[in-house]
Amino acid sequence: MRLLRIQRLTKRFGGLLALDRVSFDVERGKIVSLIGPNGAGKTTLFNCVTGVVRPETGSIRFGPESGETLEGCAPHQIAQFGIARTFQNIRLFSNLSVLENVLVGTYVRTKSGLLEALLPWGSGAHQEERWALDRCSRLLEQLDLISFANRLASALSYGQQRRLELARALASAPELVLLDEPAAGLTFQERQELMEFLQELKKQGLTILLIEHDMKVVMPISDWVVVLDYGAKIAEGPPKAVREDPRVIEAYLGSRSNG
Amino acid sequence: MKKTAIFLLLFLIPFLDPNSYHIEILATAALYALLALGLNIIVGFAGLLHLGYAAFFAIGAYTYALLNLRLGCPFWLGLPLGMGVAGVGGVLLGLPAVRVRGDYLAIVTLGFGEIVRIVVTNLEPWTGGPNGLLGIAHPVLGGFNFGVDSRPYYWLLLVLVGGIAWVCARLRRSRIGLAWAALREDELAARTLGINGTRLKLLALGLGGGIAGLAGAVFAAKQGTITPDSFDFILSVMILAMVILGGLGSVRGVILGAVVLSVLPELLQGFSTYRMLLFGIGMIGLMRLRPQGLLGISQIRRELQRAAS
Amino acid sequence: MTPGDFFFQQLLNGLTIGSIYALIALGYTMVYGIIQLINFAHGEIFMVGAYLGLAAILLIGKVHPGLNPTAGLLLTLLAAAVGGGFLGLVIERVAYRPLRQGPKLSVLITAIGVSFFLQNAVMLVFGAQDRYVPPLLQVHRWQIGSVTVTLMQVIILAVSIGLMAGLQRIVYRTGLGRAMRATAQDPLAARLMGISVDRVIAATFCIGSALAGVGGVLFGLTYSTINFHDGYLIGLKAFTAAVLGGIGNIPGAMLGGLLLGFLEAFGAAYLSTQWKNVVAFTVLVLVLLLRPRGLLGERVAERA
Amino acid sequence: MRIRAGVLFLAGAAAASLLAGCGKGTPAAQIGFVGPLTGDQAATGLDMLHGAQLALEQARAAGEILPGYRVELVALDDSHSPAQAVSAAKRLTSNTDVIAVVGHLNSSCTKPASAVYSEARMLHVNPVSSNPEISRQGFDNFFRVCPTDDLQGPAGARFALTRLKAKRIFVIDDVTTYGRGLANEFIRSAQVQGAEIVGHEGITQGEKDFIPLLTKVKVLGPDLIYFAGMYPEAALLIKQRFELQIPAKFLGGDGLFEPTLINLAGPQAADSEVYITTLGGDIRGLPTARDFVRDFEAKYGHLGAYSSYAYEATRLVLEAVRRAGKKDRAAVLNAMKQMKSYSGILGIHTFDSRGDTTIRTIGIYTIKDGKFQFVEAVGG
């Protein structure tokens, strides 16, 4: 079943064509990887899907059947539909604690407002708070961060920060999560753990769209791979097929670089 | 409860020290504390650098003054109305302002602050212009008229400061408070997590504006006379200084900041013409000693951190 | 005076005060461009510059009464520039550098403290009375139809444009400028590249403050009265001008200053003096809504 | 450690402020003086303080004022801020050593502060806040030694119309309680007398560039410009009007009556048909004020426009204290109320039911050869 459908998505920055009529689908419950050389438009595509930038033309549909129209929606609305993301250059709330960072993630799944903040008695705000804390500590435990819960986010190591950003995205209980180079800068050991964790998430029914450079990460876990080059989609298919696609080898693996 | 004890002690001060000047200073400090608490919601919680906060103070003061002089509205009704009108003002002026960011927001709010003051000055038929409004009624509670005695105002303001401080502390720990903190730290990341930045910023501006309006109504009732020069840019800057000196985001901190910066010039009265020179040196000195503010949040956090590790 | 002449005369009037705003805004924008600090004490440095200029004029009058007026003007400008620059260095050292690692806003408070200090120090040294600044140059006027141009107007505009060009040159053509831009981009990286960030920031303050000093002298000579309180209003206006043009952008400061001057002049001319600041601030707000980084501020695309 | 340093600073400031208030030997009876000693109006405030100080000094030199007490002046700063004026007022009223007050320059400060003095039943003599509303609040402890703007405005209008033959007048004020109040009084009276007000605009205190406004005035072509405000702005208006060669005559209120005006405007511009209405007659022409002018200038050099009023107000307070004969607010206030008349340097004051002086002379001055020159006096 299709969860995300991107059709003829185009985005221009001044004279630069960042995305050129890109179309592909993401099936529910799958891990889809988006690969391509630097500057191919991968992050721009993420930004379009999460409402950070507005595409010029094209459509983004989310959900079964025709689904919700995402283009033109504000980032917070898109988050409410059930899409969460991480960033290439980790964007944590560095002066908040680790736990608080994850708690922010539960914002879309909770609803107590001004009144409940001041008069929590009997409003269900307490249960909500307990639910959120529960959920967050479970996530922190799964990602091996629970012992740092009260530290400042900025005090974590790089690998821990990556995991924290993932935990924060997952705290919103999304249907689709967009991960922008989650393995960048991780040690070999950390990469292995990440791959296991992503597969665990997939088992739980989560759909993952992933930007990744490291083929050793992409190939084993992806169900589907989409290749971008100069803003245009040049290939898509199962990992094996893509790896053997001559255009991909030419554009990406072959002539320019190996990374 | 330590807080209750401190509150009671503060409440009893007028009985222990009947000197009306001292009480006046305390009442003024409490008024500033109220303003600092309100601005802290905007600057400390939501991270919006606001340089026109005195405008909401003015709106609250003029709202009560006009309602009282034109319609005979009693203080206890004018107080919430002043708060409401200033709160709405905060939201309305915020609508365009939240579209710009960072230091640009600072100048837009500065502009609004000046516009409000000049408009108040120039709308002579309504506001009395530079002449201001005279003969605003003092509050009456159960037949007792507050008059010009500082004590009842001090008590009233103490209750308001206590109440608003409680509200602020609750807000900071609430879901909304966390969302503000997230917006302050990284707006884009916060928005992709489902936080409606515009709405939350407007909420902060509305609440902050409302608290300033509350303070304004009390100020108008206490002074009995208001003129536009009570609400100038310097006041906005001084309140901001109180918030930053006390410690951005810290409820106890900004109260302390307000007390220090409102009492210090009074302590320096003995130096007459050297007063403000020393005040300037004092501000530089205090800030150098405590760059995070007297009770800065990050200061506290860093200490927690050290204790934890 | 025909409506057309009236318009041109008011345009010229706006040009005068606008050039002064621009001159002060240059220093504002420069400091902001390098370290993102709104230097609230900048207006006060301008005011001190005006008093230094007065002191220099009086001293020249005493020591060397027959001095050529042009030489006198240059000497006075130099004195104020050097004095202003030195003052900038001291302020940076005492009030800003110790707080550079702290939260960004704490510097705002020391800046206000510096403002209080400088205002009151000048009041205690020079007295609270307004002071008369004797003219250095003969009053010179040109009459074009019914429109009048004065020598002072020409000088101020020329100095502002000259300093803007000079500043632009320093920032984009010299080693110091490169170091400045590197520091503005990323102070940490600049330090790693072997740039002495402390010195670059000090130099920025020194140059910005020297400009304020020059502005103070020209201001004093144009309006011939100065007061220890003058920095407040002009500082506020220059800050507005810098933001209007796009804070951090040098030609933007010039444009913003002139535009603000025009707005004030036309506000006074066609509306009313007491509403002119409302006109100016309303335009400011509108400009920022349409161009959130000011007229010439670069459009930084949202980085994700 | 660091917190302690901060606390030490505060404590030091507190101790110093207490010490500053301490006297020596004989017990003190204090008279408050409040005015702007810092901020934008500090210059005028200090001129007034000097007047008050001179009055006390002379009274002390002349003999004992209050048996058994040393009479002192407590000078406080209101920084031209209404809120600070109130707290300064409370500081005085809460101190039982203070038995009377001479206070406040700006009408916006005098107004709220006067309510505090009234509540404390303390004699309050105001030197120069000429806004008429202040004495209409019904405070019986309030006395004022200067004429009010509802006298000055009309007197100015009468002079403008009869002597200057003004028919079309452009009015400018500085948008303060004082300036706008005076301008309104002037306009009302001028219109009644048949003049046309071709425009009325407000300028901001502290601004310097009035050329856009004056360019507009020039086009309108009035025969008189009336300005209600203070001398720094007035000097620039006069100078820029001269440079723009606007032929209109210039008339201003008492805020202009300050020798610095002439210096700031430059002698040429000042000499161009500039007229000023003042509270009271020619201080240098008053035989009663000759000694004051001499002593003041000998001691402080610069005689400010309002120095004599502060001097007069302080002398009046001292006289009330002397007559009361004891350190008691009620007695001092009562002595003041009992005073039928007081012969001061400005003339012989009696006070009406509102506490306003019956010396209602408005002087008219012009500037000739770099000096104020007395033209005539109106009212009486």
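In order of appearance the chains are A, B, C and D, and numbering begins at 1 in each one.
Everything that follows uses one rule, which is that contacts are C-beta pairs under 8 Å (C-beta built on N, C-alpha and C of every residue); 3 or more make two chains touch, one makes a residue touch a chain.
Treat the numbers as computed from the prediction; the structure is a model and nothing was measured.
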Using mean Cα positions as chain centres, tell me which chain lies farthest from chain C. A
If you tally contacting C-beta pairs, which pair wins, C-D or B-C? B-C
Innermost chain, taking as reference the mean of every protein Cα atom displayed: B
Computed distance of Cα centres, chain D from chain C, in Å: 35
Distance between the CA centroids of chain B and chain D (whole Å) is 33
With chain centres taken as the means of their Cα atoms, state the distance from chain A to chain D in Å. 71
Counting only residues that touch at least two other chains, what does the list for chain B look like? 121-122, 188, 273, 275-276, 282, 298
At least two other chains touched by the same residue of chain A: list those residues. 52, 87
Can you pull out the residues of chain C that are in contact with at least two other chains? 120, 123, 274, 277, 302, 304
Okay, in this complex, where on chain B does chain A touch? 167, 170-171, 174-179, 181-182, 185-186, 188-197, 203, 297-298, 301, 304-305, 308-309
Applying the document's contact rule, which stretches of chain B touch chain C when the two form their complex? 43, 49, 96-97, 99-101, 103-104, 106-108, 110-112, 114-115, 118-119, 121-122, 188, 233, 237, 240-241, 244-245, 248, 273-277, 279-284, 287-288, 291-293, 296, 298
Okay, in this complex, where on chain B does chain D touch? 19-25, 28, 121-122, 124, 129-132, 134-135, 147-150, 219, 223-227, 229-230, 260, 264-273, 275-276, 278, 282, 285-286, 289-290, 294
Quick one: which bits of chain D touch chain B in the complex? Just the residue numbers, please. 2-3, 5-6, 9-10, 13-14, 16-21, 37-39, 42, 46, 75-77, 79-84, 86-88, 90-95, 108, 111-112, 115-116, 118-119, 131, 133, 137, 175-177, 179-181, 202
Hey, which residues of chain C end up touching chain D in the complex? 1, 6, 9-10, 13-14, 16-17, 120, 123, 127-130, 132, 139, 148, 150, 219, 223-225, 227, 229-230, 232-233, 264-266, 268-269, 272-274, 276-277
